[in-house]
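Next up, some structures in structure tokens.
After this come two complexes, each holding chain A, first together with chain B and then together with chain C.
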Partner chain A sequence: MTEDDKVGRRVREIIGEMCPLGEREARSTDRVTDDLGYDSVGIVELAMVLEQEFELQPIDEEQAIDIVTVGDVEELVRLATAAA
Partner chain B sequence: MTTATATTADDLDAIGDIPATADERATRLPTPLDLYSRWERQPWSVADVRVARDLDTWRALRPFSRQELLNALAELEVGEVCVTQTLSSLVDHAPNPDYQLYLCTQLADEARHVRFFQSYLGEVVGIGDGSAEGQALAEATDYATVFEPELRRTTEAVRTGGGDLDQWFTALAHYHLVTEGILATTALRTTRQLAKRLGLAALDEGLANVTRDESRHVAFGLLAARAGVRDGHRELIADAYLSAVALAVEVLVGPQRKTAAPSLRPALLQRAAQIETQWELARDRMIRQLSLIDLRDLRDRAERVWADARSAALDSYQERWGVEHPVRRAEGITARAKAKLEAERD
Partner chain C sequence: MSVESLRAEPALAGWLAALARLFVIPAGYRDENVDRVGALDMLRCGPAVLDALIRDGLPCSGEPGAERFDRYDLFNLALYSGSNSSVPERAIQFALRWMGKAPETWLNPMAWQVGIELACPEQHGCGDAPTWSMARPTPEAFGGRTIELRTDPAGATIGREDVTAQGSPAFGLTVDLETRGERRQLRAPALREIVDEFMTGDWRWARMPEELQARPDLVLPHGVAPCISVSLRLAERCAAAGFQARTRRGWILGMLDLAHAWLEVVDEDGQLKVVDPIFAMLSDHAVDPHPDFRAVCLGSRVNRLLPSEHSADNPLAQHTCGGVSRVPKKKVVVRSGRQRLAAQAAASTEHAKEAHR
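Here is the complex of A and B:
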């Protein structure tokens, strides 16, 4: 398993564990808000947990992406991990 | 004991009975005796809330939500203690017997609010009244640092002035209009939304009860201030109100406490939007108050005071913590994204 795969898997685990609708398995194609019920408080909490877990650093605004799906979060974490 | 009925988030805006016309609906206020009667019909007790039922849910909260709630509860508790200790001068020197009768009911309400927040902090959060941790928490609040000294000064001036009406209205502006009508109502609404979202049933119920009481307090402030404006105290009330608003904005921005925010851009923007929503709620209340107390013409001046105080408080935050406030960081990101889009379009 590549480092990218490990990051993606762990991100999905965390998103699933913290899901406001109750713990579940999260897939990369799940929409964070519409499918998993994350609201703005949930997204902020999730970001803080991810930042702590992966020791993330702020990334260039040029590279920043918007979050729609779990896959977007995985990508964001990969970018921020690379920036660390 | 009568069980209090559920309170909606809009109860703070429900300040009187239903009037006949749209214009009346927009400006009608209850009388002090209406408020007294509402107080008799809306009793509740701290014991009936049974705060300890939130214990397990509180312990399971994630650090961000727990800290957010703790900060909000500390601000509310400090505010309630201060208003409980300072109301008596307004009661003693009330300009008429109906005001005094109503204000006596409010004094009982304020004591009950203190007990509710102390019970919650003690039994659920684990911070006892008078403990070192509780003391440190209270001292770190922006209300205690920024607004409380001014509320104490203005209410004490009522006492030492022997009931001078100018002093009474100045204190009323700080107490009822701004502390209760802007700061407390905003904090109650946002804290209650969070309590509901996190499944803290006792906190939600207690805050609903406090909110119902506060709606009477706010209504009294509006009716008394409007009477004062119509009775020759217009300039004095306007000046006191605006000076209190500037302090309230500083409390809302909160330079004393570092605001938790994520670094990841999408989450940072969400966090900034959460905070901005609270500030906008408070600002909307200010505009509504001005209309209800016949100071509509003050709106532009009030908006400038608000904007200047907001900017100064954000500067203070940056000076104190060495980083931009999350709201200012988000504003910068949004502005740069907009500029980039415009450059690409050109």
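Here is the complex of A and C:
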């Protein structure tokens, strides 16, 4: 498993664990708001947990605002970890 | 753990201090619809601290262990708790990170997509002959532009101030737009004095129902300063001093759904100045806000504000059904316009390639 795969898997685990609709398995194609029930405050919470988990620089709000799918979150974290 | 040992904990001390200064949403405006689980989710203080808060007077109804709380009470309590772990503190800190960036980032053109959905609050479904009215976002008022405005269902009436529709059980509006800021400073000494007098006061920003905010007499004497109350009071003061002033409603563009209001006043140089003391006060909740930020809030337009044509005491959204006027449920989703711009750029490149062939 590549480092990218590990990051993606851990991101999906966290999103699934924090899911406002109850803990579940999250897939990359799931829509964070429409399918998993995250609201804007939930996405903020998620971003802050991801920063802590992956020791990221603060995630830019302008990036978080465009998150639609779980895959978008995975990509955001991959880019942030690569930049660190 | 005993109450005494809990009380000695710095964490509890912060919560109790916030409770002592809490502006309790008054009867007639409060809605105790948050249960104990919801309260713990928002406060993140643990059940022992919540129990201590209840014993010390946090307003609630219901039997012990099944209490119900007002959402605004909980939000305002958490915001000033100093816990650094409550949802309101963390959400506001995150949403205001942009206040720590370089000043030009508050003024440069920014592209956005704003989606607003209205729904009927009636539990048993929307009544007969529904009508909807939503304040039209007008970035043009601050030098920006509307790129495209769509409604769902289509065919709504798009007026200068409002977008209105009838007959549908819900209503939505999506606007692609561009905002921009411009740095300006207050010049007239009398105007600066009015604003300075407010800014040096001991005020706390707090969230509360709009109908309560529209009654500055019920709110400001308690040292709390929500945007509608403050802008109405400052507009009165400016008008009394001979300045042409108005209030304006709009939205703060960003992660959180924050409707907003501010003062606009014509200065001695003839320029319209935006006076937004609440934005300045909000920066107290940001982590490392830029030192110039507070000054920018007193005269400048910033690209995070989306104006409407409504005054502060005019609601952004209205709904009637079954012959009754109701406050509609609102959901605002803001996205950056980057994806739309990227798609446009890609289409433009493809078009150029086609033309070249």
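Just so it is clear, the second predicted complex is superposed on the first by the 76 of 84 C-alpha atoms of A that agree within 3 Å, B and C clash if a C-alpha of one lies under 4 Å from a C-alpha of the other, contacts with A are read in each partner's own complex, and residues count from 1 in each chain.
In the analysis below, a contact is a pair of C-beta atoms (placed from the backbone, for glycine too) under 8 Å apart; a residue touches a chain by one contact, two chains touch by 3 or more.
Since this is a predicted model, take the numbers as computed values, not measurements.
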Dominant contact partner of chain A by residue count, chain C or chain B: B
Which superposed partner A:40 touches (first chain B, second chain C, both, neither): both
Which superposed partner A:23 touches (first chain B, second chain C, both, neither): neither
First, second, both or neither for A:57, with chain B first and chain C second: first
Which superposed partner A:49 touches (first chain B, second chain C, both, neither): first
Contacts of A:76 with chain B and chain C, given as first, second, both or neither: first
Touching both chain C and chain B, counted on chain A across the two superposed complexes: 40-41, 43-45, 47-48, 58, 61, 64-66
Residues of chain B that touch chain A when the two form their complex: 62-65, 194, 197, 260-268, 270-271, 273-274, 333, 336-337
Chain B-facing residues of chain A, complex: 18, 39-41, 43-51, 56-59, 61, 64-67, 76, 80
Sites on chain C touched by chain A in the complex: 87, 90-91, 94-95, 97-98, 254-257, 333-336, 338-339
Residues of chain A touching chain C in the complex: 33, 40-41, 43-45, 47-48, 58, 60-62, 64-66
